[in-house]
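Note that the chains are named A, B, C, D, E and F in the order they appear, and that numbering of residues resets to 1 at the start of each chain.
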C-alpha cells in the first residue's frame, strides 16, 4: 500500500544512518559466520503495524535472511506474543536489529493509538483522520500506520488537497475572497475545504461555496449547532486539541470526521524486543 | 553543532515531502505578492530546541524571509511566549509553516523531557544519556535536542563505539569470549562497554577487561551492589525501562550514567502555533 | 509557481547531462576571460513560457551573469522580438546556451499551442485541461506551461486525484462496484471522477454517485445528450483525440472541460535563437 | 545499447513523478489481488522504439509481471498490431501504464520520423544526424530512438566532440583564431568541426585546418559549390531548418550528413493504447 | 566487512564516471553478442585486496557474468599468478575492465605496502595503523585494504574518535585546557588521545588525564624516553614521516602503534592485467 | 576548468565522509567561538595544483572563512613557501583541514610528476598524455592536475573517444574487422585510434583506415621504424611501462604522444601542512 520505492529509500537511509562506516561491535565480536534465529516479541498489548518494513530492513541488509513466521499488520497483539521469527547470519541480524525495531515500534505505536480513538467513537458516524503533523521524512509510514489502526487519511501533503486554514484566510482578507479566488483558479473536479471558528464563519463558508468545512477548536455545543446548520450539505471535520478523553463527546455532535494530530506528532513507541538464539 | 549538510538535507527532504508538485491551497488563495509577519508562540511551558532548523526551513524555501526575533535553544519558555518573529512573502510562510513546526515541536519536546530527567537526578553523580532508539533519519536532530535539554549523547550509531549487548554475548558464546575477540580486533585507543544483567556478569566483565559496563534492567539493590563492587574502576551506565518516576532511585545507587530510550522513542510534541498577520 | 527545488533539480540534471566532464569546445576555443552579451530572439510568433527557467539555467552555471532585459511569461511575442538580454563571461553563456534553449523552446511551444486551443473555444463555457501524457521527469514544467497558455491543470499525478478510467472499470468489474469501493475507502473530502463511453454509462456513473464524469471519445451528438442528461449536477470533461480542428465543435456541446493530450505529448518547439556579441 | 544505469534511473524518476505518495485511484478501486493481462496496441503505423524501456517500467514496479509477447525495436508496425502482451497484478499494470506509455510513445515517435527522413534521402550519400536539441534529461533515450530509426548520432553532449559554432567564432574573434587555439589545446586524436555560413568561410575553415565542416542554413546552390570546393577532403554536414520537404534537395547537393533538430525537439507522439483484460 | 551499500555506491559511481552515455568503442567494434573469458593476471608479486570489489564491478554491470575462479583477499601472490577468471558477454567485460582494475590495483597496492610495514616491525610489540590521509570518497576501501595487509585501522573519520592534535591544542590554549574541556563534554565511555611533541608535553598530557598519546615526529631517543615515562599506563602511538627505512627503529622504542600516512596517501598501484579470450 | 557541479559534489562527498555525524574532537575541545588564521605551507618543492578545490572545501563548510593569500595553480613552489593563508572560525578550519589537504596533496603530487615527465621530453615533439587509470570518482580532478602539470588529456572516459585496444581486437577477430565495423557504425566526424604491438599491425591498421595508432609496449627501435613507416600520416601515441628513466628515449623515436598511467595510478602525495594560529 506504500509505494515500494519510498519504503526502500527510507530503509536504506535508516540503515546507512545507523551503520555508516560499519558496525564495529559486531565486526569485533563475531567472526561473521555465526548463524541463528531471532524472535520479535511484544512486551505489551498492541496493534501491529509495519511488519513488512521490519522484514524488508533485514532483507535489504542481507537477502539470505529467512522469515519463518510473521504476523500480519492490523492484528491485535497480546503481550508476550511472537510477532516474527527469522533466521540467518547473526552478524546481519544484530546489525539490522535496532533500525528494524525503530520502524516497527513507531508504526505499531501509531496503529495502537489510532485504534483506541476508533474504539472511543464507535457507534457514531465519526471517522478518525490524521494530519500533516508527522515526523519529517516518514509521512508515508505514519499515514499507513493510521490506516492500519482503522483511521482514514486526510490529504497526504500540500499538493493533493485544497484546505484553506485560518492563516490563509488572514492572508487572503477573509473567507469569502479566499474561496472565490480558489474557485477561479482550480478545476471543479477538486473540492475546497475551509477552516472555520464559529457559526458565523460556517455560514460565510457555505454561502461562498465551500465543499467541506473544518470546525477548529469549537465547543461541543457550537459543533452541534454547526452540524444542524449544515444539515448534511457538505462533510464536516472537527479539529483541535482532540484527546481520548474528549473524542467521544465530539463524535456525538454528529460531525463526519475528527482529525487528531497526536496520532503522529506524539507517538508512544510500542514495546517490542528482539531475542537472538545462536545455532548450536 | 549539527553538521550543516545534514540539517540542510533533512530540511530539503521534509519540504519536498510536504510540497511535492506544489502547495495548491496557497497557489489558489493568494496572488503570491502578499507580505506580512508571523509569530511562533508557545502554548505551554517548554525547553526550546531546534529554532535554527525552524529558521532555516523558511530560509531554504525563501531566502528573502527576515527573522526579526528569535529566542535561543536551551531557554526555558513560558506558555504564550513568542519564540520567533519573521516577515516576508505570506505564500512562502504558509507553505513552510507545517514543516518548520514539525521539526521545532519534536525537538523542543525532546529537550523538554530531557530537562525533566536531568532535574529529577540533580544532586546525584548520574548524567542522562540518550540511545539509538531515534526516529529513522532524524538521529542527528534527536541527539542534538537531548544535548540542548542537558543530556549527554551515547554513541551516535553502530560505527562510533563498541557496546557489547546481550544478543552479541549470546552470538559470541559468552561475555569473556566476546570481550577477548573484541580486544584482539580493535585498537587499544577504543573503549569496550559491555551489557550485564547481574552481579555475576559484572564480575565476569571486569575480569575479562571491560572498560565500561551497562547494567541492564537490574533492581536498585543490585545496582548499588554493582557500584560497590566496581568501586570506580570503570564507568557504569544503568539502562532499561527508566521513567521519570524511577530515575531518581536509580541515580541514587551511584551509577555514572542513566540511558533513557523514551527521550527519543516516545516524544510528546511541544505545543507551538504560528500566527500570521497580513501587512496592511 | 513551480516549487524551486524542482526547477533547480531539473536544471542541474540538464546541465550535467550536457556538460558532463566539461565543454571541450569552449575550453579549446576561448581563454575563459572573454565577456560579452547575448540576446534570445524569437524567430516566429509565440506565447512565451519558461523565461525564468531559461534565466536560472545561466545563473546556476554562473551566478555572475546579469540579465538586463527579460520579457514575462504569458506574453504574446512577435517574430524577431528580443525575449531576453544577458551579459557576462562568454564561456558560461556558450556552455549553458543549448540547455537553456531546450527548456525555453519546449515550454513556449506548449504555451503557444495551449493558447491556440483556448482561442478556439472562446465564448463557450469549456476550459482546456492537460493530461498526464507529459515527458517523463518534466511534468511540473509541462503543466506550468499549460497554465501560462491559459489552460487549467488536471490532476498532477496518480496521487492527487481519483479518476476511474476504463481499465480500472474492467479490473473492478464495472462502474458501479468501482465507485462503491472507492467511496468506502476514501474520505468524502475527495471527489471521484469516472470515465464513461456512452449514455448508458453516464447514467450508471451518476446513479452510483460519481462527482464528475469524463466523456471518452464520444460523438458530439452523444456529448450533447450527456450534457442534457447531467443537467449541471456534476462537472463534465470531454476527452479523446481532440484537435484544433474539432475542439470548437466539442466545446459547443456544453461540456465544462476538454482535455488535450497533444498539448504535452506532441509539442512543436518554439523557434528561438541566442545571438552572442563579444565585448570590444 | 543505452547504459542500464541510465535507463533504470530515468524509469525510477518517472515512476516516482507519477506515483509519488501512491496511486489513489487504484488503491481505492481494486483490492490489490486482481490479476489479468494487458496488450499494448498500435493505433497507427509506426517504427517501434523503446519496447525495453516500456517493459522495464513495469518490471521495476513489479518484478512478477510477465511479458508473453514483445516485438523488437526497429520493426515497422502496422496500425492495430499488438506490440506487447503482459500479465500479472492489475494494480501494478494500471499504476505503471501511463509512465510506460509516455516513454514508448515518445521514442516510437522519434524513430518513426527518423525513418521518414532516411527514406527521403535514400539513394544519396547523405546520412541523417540528430542534434543536442533533446528534452532535458532524456537525451540517451532520444538519441537511441534516432539510431533505431536508422539515423546516426552526432556528439552526445558538450564533452565528446569539438564543434565550433557561430557564437564560438564570434567570441574567439574569427574562424582562424578559433581553430588555431583549439589545435593547441587539444590532442591530435580529436577532430575539429567548424560551422560555416558561406563559401568564404568554407575556404577559411579549410585553410585553418578544420577536420570537418557544418554548412549552416546555406542554399542548395551554395552547398553544391561547397561540396565541389571541399572535394572530399573533409566530411560535410548540412544543418538548419531541415524539413521532410527540403531534405532530399539538400541530400542531392552531395553532403555527407544532414542534421535535423526536429527529430527530437518537435516529436509527434506515436499513438499506442494499453488494453486490460481481467482474469475470469 | 565493508558495508555493502558503500561498496555498491562506489562501484556505481565509478562505472557511471567511466561509461557515462556509453562505451563508444565497444558499441562500434562488437555486435554485443560475442562471449568469451577473461583472466586477471598479476604482473608482479603482491598482496591481493579488493577481489570482491573487482568481482562486483562486473556483476553490477552485467549480472550474467560468471566467475569460475577467484583468489581470496590477503593472499600473497606471485607474478604471473591468475587472480580471477570470468566469462560472459565480451561487451560487458570490456566495458567494466578499467573500472574493476582501477579498484583492484589500488587496493592491492595498499595491502602490499601495509604488509611490508608489518614485516618490517615483526617481533616488536608495534602494530601498524592507518590515518585519515585517504583519497576522498574511497576511505572505506582504503582502510579495508590496510586491514587485509595486516594493519589496524585508526579512527575512520572525525566522528568516531577523539584525537586532540597540535592545531586543536593551539586553538584551545594548551594541552591541559583542551583535555579538561573534552572531559566535561564527552561521556567517560570515550577515550581521549592527545598528540604530543616532546617529553614535557607527554607529562602534561598524562597529568591532565589523556587516555592515549600520539608521539609526533619525535626522535627515537625521545620516543624511548616517553615509553619509559608512560610505563604502560596508556597506549602510545608514534606518528610522522614514517618510512620503510625507519619504521623498525621506531618500533624498537617500544611504542604500541605506528601510524603511516603513506599507506594510503602515496599508493603504488599493483600491476595487474586483464587478458580476454574470445570463445571460438 | 572543471565543471563546478563536479567539484562541489566531490567536496561535499568528501566532507560528509570525514565529518559524518560531527567532528567530536573539535566539538569537545573548542567553544566554537575561537577564531584565528591558518597557513598551508609546502614542505618540499612541488608544482601547485588544486588550490581552488582546497579553498572551496573550507568555503563549502563555512562561507565566512576568508582567504587573504592564495598562490595560483601551475606555479613551481619551493619548500617552506606559503601556499595559502585563511582566517575565520577555528572550529571550521580544523574540521575541514584534512579533507582540504587530501585533495590538494594528491593534485599537487600529480602535477609535480607530470611536470617532471614534460621536462624529461623537452625539445622533442612528444607531448605527455594521461590515461583512464585514475582513482574511481576523482577522474576530473586527476586529469585537471595533469593539465596543470603541462600534460595533455587523452579521452576522459569510454564515451568520448574511440580507442580500439588489444582486447577489443581479440573480441572482434582482428584489427581489420574491428576498424571496418567501427567505421560503419560511427560518424566520420570521429577519429578511430587503434592499439598495435608490432610493425605488421601498424601496417594493417593504416591499411584498414585507422586515424591514429597507439604503439603498445614496443621497443624504441620498433617505435622508430613505426614512425618512419607512418611518415606523419596519422598521429602516433606510445604507451606501456613508461617511466622517468625511459621516457626521453621513447620521445626521441619521434612519436607525437606518450601516455603515462603512473601519473594518476601511482601518485606520491605532495607534502603540505596546515599551521593554525589562534587570534589573541
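Things worth noting here:
Everything that follows uses one rule, which is that contacts are C-beta pairs under 8 Å (C-beta built on N, C-alpha and C of every residue); 3 or more make two chains touch, one makes a residue touch a chain.
This structure is a prediction, so every number in the text was calculated from the model and none was measured.
In the contact between chain B and chain F, the residue numbers used by both copies make up under half of all numbers at that interface. Ranked by separation of Cα centres from chain A, the top chain is F. Chain centres here are means of the Cα atoms, and by that rule the chain farthest away from chain D is B. Its C-alpha atoms superposed on chain D, chain B is turned by 180 degrees; the angle is given in steps of 5. Distance between chain C and chain D, defined via averaged C-alpha coordinates, is recorded as 21 Å. Separation between the centroids of chain D and chain F, computed from CA atoms only, is 34 Å. One inter-chain figure worth recording: chain A and chain E are separated by 45 Å, centre to centre, where each centre is the mean of the chain's CA atoms. Residues of chain A in contact with two or more other chains: 19-22, 24, 27, 139, 156-157, 159-161, 186, 190. Note for the complex: chain D touches chain F at residues 127, 129, 152-156, 159-161, 186-191, 193, 211-212, 235, 237, 256-257. Partner chain D is touched in their complex by these residues of chain A: 1-6, 139-140, 156-157, 159-160. Looking at the complex, you find that chain E touches chain D at residues 12, 15-16, 19-22, 24, 27, 32, 61. For chain B in complex with chain A, the touching residues are 10-11, 13-14, 17-31, 34, 36, 38, 90-91, 93-95, 97-99, 101-103, 105-106, 109, 132-139, 157-165, 167-168, 170-173, 178, 181-182, 185-186, 190, 261-262, 265-269, 274-278.
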